[in-house]
């Protein structure tokens, strides 16, 4: 029996990595990528769970997650592209016309 | 006839309402007529009731007339009723008759003033309230009249409202008496709670039945009532308002601040004397306080230069005599002095007004002089009044009443003689200060232009009152002078028999001598010019002190007015409100802080969410 | 396969799938809207039919009972109302293709319905993501508005983050329990300490996702920006439908056998409720943007709702649903007023409070209705929100949550301030340039939608009995 | 059923008046007058009727219908003497409010009168509701229209004042809600019946602490409305900024709802708890009397001055209510009516002053008696009346309150009575600064015309009648007040009297 703890730990590490990336990177593309990493970490976790209990649920979920990641990436890129027309770079911090600080 | 008793207060009240509503339309002539005639009718009614009373007194010499139930509650009810007995009858007679004369006088005196009808409306209202006060059979109703006269006094003192000082004087008079009234109100509450009723007779019966003499309750109750009386009657320590109240028109001073309202305190004590008898210490205190008042006021009267202020202090002093009589339980003596004082003091005030009228409203006695020949009517009237005030033996009414008081005081137990001695000293001073005025005003060279002439509406009241001031004293005379006792016999059903107690011969003798001595002093000082010089030289500190009424005003300013004003200034902007404003400020600060988080940057938002997530997981995992 | 219970879902699926075909056939905005509306209506009217189902439909994936169907009904009614608003919001002169908006709308609604009736984490996740993605599309729909675009991006990133949390949480749950069935996980207990910890951590991460969608503190931070950036109908959609769907699954989970709020969970909920009530209202205090105010106010309102959720028991359950109804109608109404006043072709909506100035004098009826909405939000009679607030307070008092009630009172007072301020501005004399607002004619559908929203707010605010009776049926 | 009409007529009148204002500015005024007069016509005959549905105690009329059965809330109305007096006062003051606004309110007359009628309807509802939740409903309902009246037609700082008014009253209202809910659930625990029926809830037994908490919630809300120290702060600002009609309604009616709440709910519902609160309440009363009086003296805005006098007078009401005896309560009722009339009249006078002088600043007045003798004499009359001049209504009320309170708490009564001295001070100073003093020659004359004079005469005669013959009012209120005094209270009172 394969130990499930190792891939679970890896998933957690990936998730954290994604989270840190999300917080640390200014470029919106990297931000999107960080989200992808987080989603994939979850995917890995599902696989691990499926492996632990020996059922296909985990794999089904992985497919769903990949779908979602794709859709989200597509949407995100569209928005980033449009944003780029406005702010001419990919700095996420520059997109702040919506704020409540006078 | 007596069943129309209710008309006596109702007539002036009705006329007051009429004048209040339609006065401006009616014009001065009609207003004056309505005002005077209503009081005149009341006077006629009162006199006829009085005459009928003497021939056919009702059972127990009491006539009660219940008008309607004012407040009826379980355990507490007040009837609006009138109670007529010799004491109130006497008061009613004095109020209506003198009131009528003063109204008549006013019609001429106030001629051409703005607010002529308003004046008469107030004056009528005053008479109505005063009559209600004396006729009330219930202390609560009495209190209605009591406050009513206070308000009328306020309105009339401040009648010439465009002068702010008049307004100040009016307010002062009202507030000082109001302070006293609150004590009286507390007294009423105490009495009604403890005895279950405020009906005067029932209350007195109850008090005598339940309380023993000298116990705490009657002492407290009478003290509270007494404070009310002291305030209204301008006795130490609540006397400071009266001199200022002279800002009102002179007939008002005559009616309210000499003849009627200021004696309400005396009336109150006489009316509830059964209660006061249960509190001997309070009676002693009354006597002592009275002596202080009469001396303080007499000294103050000695150094005034405004004729009305002299008279005001003399009023205080004379009411001090009445209270002195009350303090030793000589109720009829007090009432008798009330009667004579009402007559001669009204006369003096009216005369003072009549003089001022002709001198372009000059009231400073040192600006007058030599008026004897110019104003003979005023001279004689003032002389008769002054003689009566000074208690000039035999010929003046004041002599008999003052003699009656001093005799009773001298006969009273131990401190009696000391009190009497003070009374005699007061008599000397009285004669001195009033004749100081007489000599200064009427003798010597003419100083001010005299204009105009007196009409019949001035003359009639002056003459009538002068006659009164000469003869009314003969209603009650001491042993050596006919031993007439009509007055005390008349009052007997209400206040009990009055005995002229035997006293040493020295007592009446000194009573004879004191006024003469006083007049002598006044004349000597007039001749050598001391009086006149006092106005030109810098007054000494002592004089200033005495002139200001022995510093009571300054004391009260420091004690009450200044702290009150400070408090008002501190509170003015509502500190509690600022407290709530503080809460508001807190909310706004919190708002700003929170709002600063909404910076608009995705990364920052993600960090906040991240922090929240960590906290959430931590709470769930580790709690 | 018996699909009777799932009829609404089926209809919506067909609708969402068929709409692109309709667009392909004929690009007509009115047609698309009509089809969408009819589809939603059909789904709505199929609910009684679905209720009569004797056997469960798709029991592994969905639960269709009175409770979930009730929520579905609520979602559908709200969606219909918002659709009417959206229909006249996108005017012909708007420089974009309007036809895809109903498409996204239908997809989002499908997702919401799926979420509300999910029985498994698979469907839950599917529904959630369908809804979210459709909403991103709707938020950023007017591409000529930079604000809308930015709002879309923010929502995308942050909701992506929260989705990741939810997914990871689900993963942990599955790892710990080996199942994706909600009821099963709720009923089972952990085998060992490690699984227990994983279960709790998974639950926490799902709670974070729920908190994000419900926009409670500390996951509220995106709300105002998105509300402001999104066009008014989308704002209403985000504020109402997403929240109903998430609350539906939440309440259904709480009602499952074996579910109980652990001590730490209720501590957390209490803390979140208190923070939401206070900071929502405090944030809105001196605000001058109406949409932002609605955003902050929705934070506070969700805080109130959490109080009712904490106050379990018969009163608490109905209180939650009642409050959701009141909140939903009122929010739609408030966004509706903004939508009515705005032009889609402008670069932003009419959402400054000062732009409402003088509304009482230029458009008394609209102002009156808006006042009613604001009163309802503030919980003042005769509006529905008052009864709702009373309901929550009753639930709170019944379970003696005194501290929460105290916070509720305090934050309620703070909240009053900004609601009243809006009313005040509307009651001020109009300035001269305010006439521009008054020129805009209000279309018949808009009038209809506003009237349909305001009528129940007033009617049920005066006589709430029928509504209470109806909602009680959901818990029988 | 009559009671329902009493509420429905002004509500409908309001609905009618709003659109009517579009056609003609006089139409809403006429509608309001008609609505209020017909309300009056309904209310007056009730005096001699008796309730046709069974209710414990003495009631003139009653009505009951289901409302929210899920919570046992019903639409239960009942009118007894106190309710009748306050309702009739409400209608009458409402009439005056319509009349004074005749010329003052010239824009948005329709909406104004709608709000006026609605707030009056809310107040009447408060006075006759016997279901506690219904009471609370009306309690909240009357705020909104009042808010509009202040916020739209008020003076310079109306926005701030309106919001302050609303925050205070609504915030405290939530406490009422919590209290009545707690009470109802407690009652449910004891009897298994969830109801908000006043007569049922009155029989709830509470533990000491819980009872006090429930009572405290009600108490705080009611004293906020009563504007007692230290929660009076909304009142001066609101009264000052409201338009004349608004000030009149606020002072004459809205403050009374607080007193009514204390009398009707706080005292009978949990007598024991109310008794434990009594010392606090009494001292708060004293504090209000003195604080209000001090602050009134320091004001230079005439309306603000009058507003602070209300604080002072409501202190007496607070003392009267918590004296727990019929005499004091009768005093409270009289004072409520008398204060309603006198303060209403004063606000009318100040409103009219502001209308012609364009200021409420006392330092810019003075000598008005010369220009406006009628206005000034009525002003002085009502100031004296509110000062508690014997022979006028307010005195009877204050006297009875003091008399009733003396039996329970003499020391507090003395302090309260001392409060009458600053009352004299501020009253006289107001007269002095406004009406007396040197005449300003430059002013135009705008004395009271027929309309105002007759209005004032009616109010003045009312206050005189009240002072000279208060017995009819006492008789009307008597059975109602007897109802409010449950048996245990009487026993307790005896205990207190002995101790």
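Lettered A, B, C and D in written order, each chain numbered from 1.
Convention: a contact is a pair of C-beta atoms (placed from the backbone, for glycine too) under 8 Å apart; a residue touches a chain by one contact, two chains touch by 3 or more.
Model, not experiment: these values are computed from the prediction.
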Centre-most chain, if every chain is reduced to its averaged C-alpha atoms: D
Chain pair with more C-beta contacts, A-C versus A-B: A-C
Between chain B and chain A, distance of the C-alpha-averaged centres to the nearest whole Å: 95
Inter-chain centre distance, chain A versus chain C - centres from mean C-alpha coordinates, in Å: 26
How many angstrom lie between the CA centroids of chain B and chain C, rounded to a whole number? 78
How many Å are there between the centre of chain C and the centre of chain D, using C-alpha atoms for each centre? 42
What parts of chain A, by residue number, touch at least two of the other chains? 19, 22, 31, 92, 95-100
In chain B, what residues contact two or more other chains? 595, 598, 600, 602, 606
Would you please write down the residue numbers of chain C that are in contact with two or more other chains? 153-154, 157, 161, 224-225, 283
Provide the full list of chain pairs in touch. A-B, A-C, B-C, B-D, C-D
Where on chain D is chain B touching in the complex? 229-230, 232-233, 236, 291, 294-295, 297-299, 326-327, 330, 367, 369-370, 373, 377, 384, 389-391, 395-396, 399-400, 402-403, 406-407, 410, 413-414, 417-418, 420-422, 424-425, 428-429, 432, 435-439, 468-471, 474, 478
Within their complex, state which residues of chain B touch chain A. 595-596, 598-603, 606-607, 610
Chain B-facing residues of chain A, complex: 19, 22-23, 26, 31, 92-93, 95-101
Provide the residue numbers of chain B that touch chain D in the complex, in ascending order. 20, 24, 68-76, 80, 114, 118, 140, 143-144, 146-148, 151, 154, 158, 161-164, 167-168, 170-171, 174-175, 178-179, 182, 185-186, 189-190, 192-193, 564, 567-569, 571-572, 574, 576-577, 579-580
In their complex, what parts of chain D are in touch with chain C? 18, 66-71, 108, 111, 133, 137, 140-141, 143-144, 147-148, 151-152, 159, 162-163, 166-167, 170-171, 174-175, 177-178, 181-182, 185
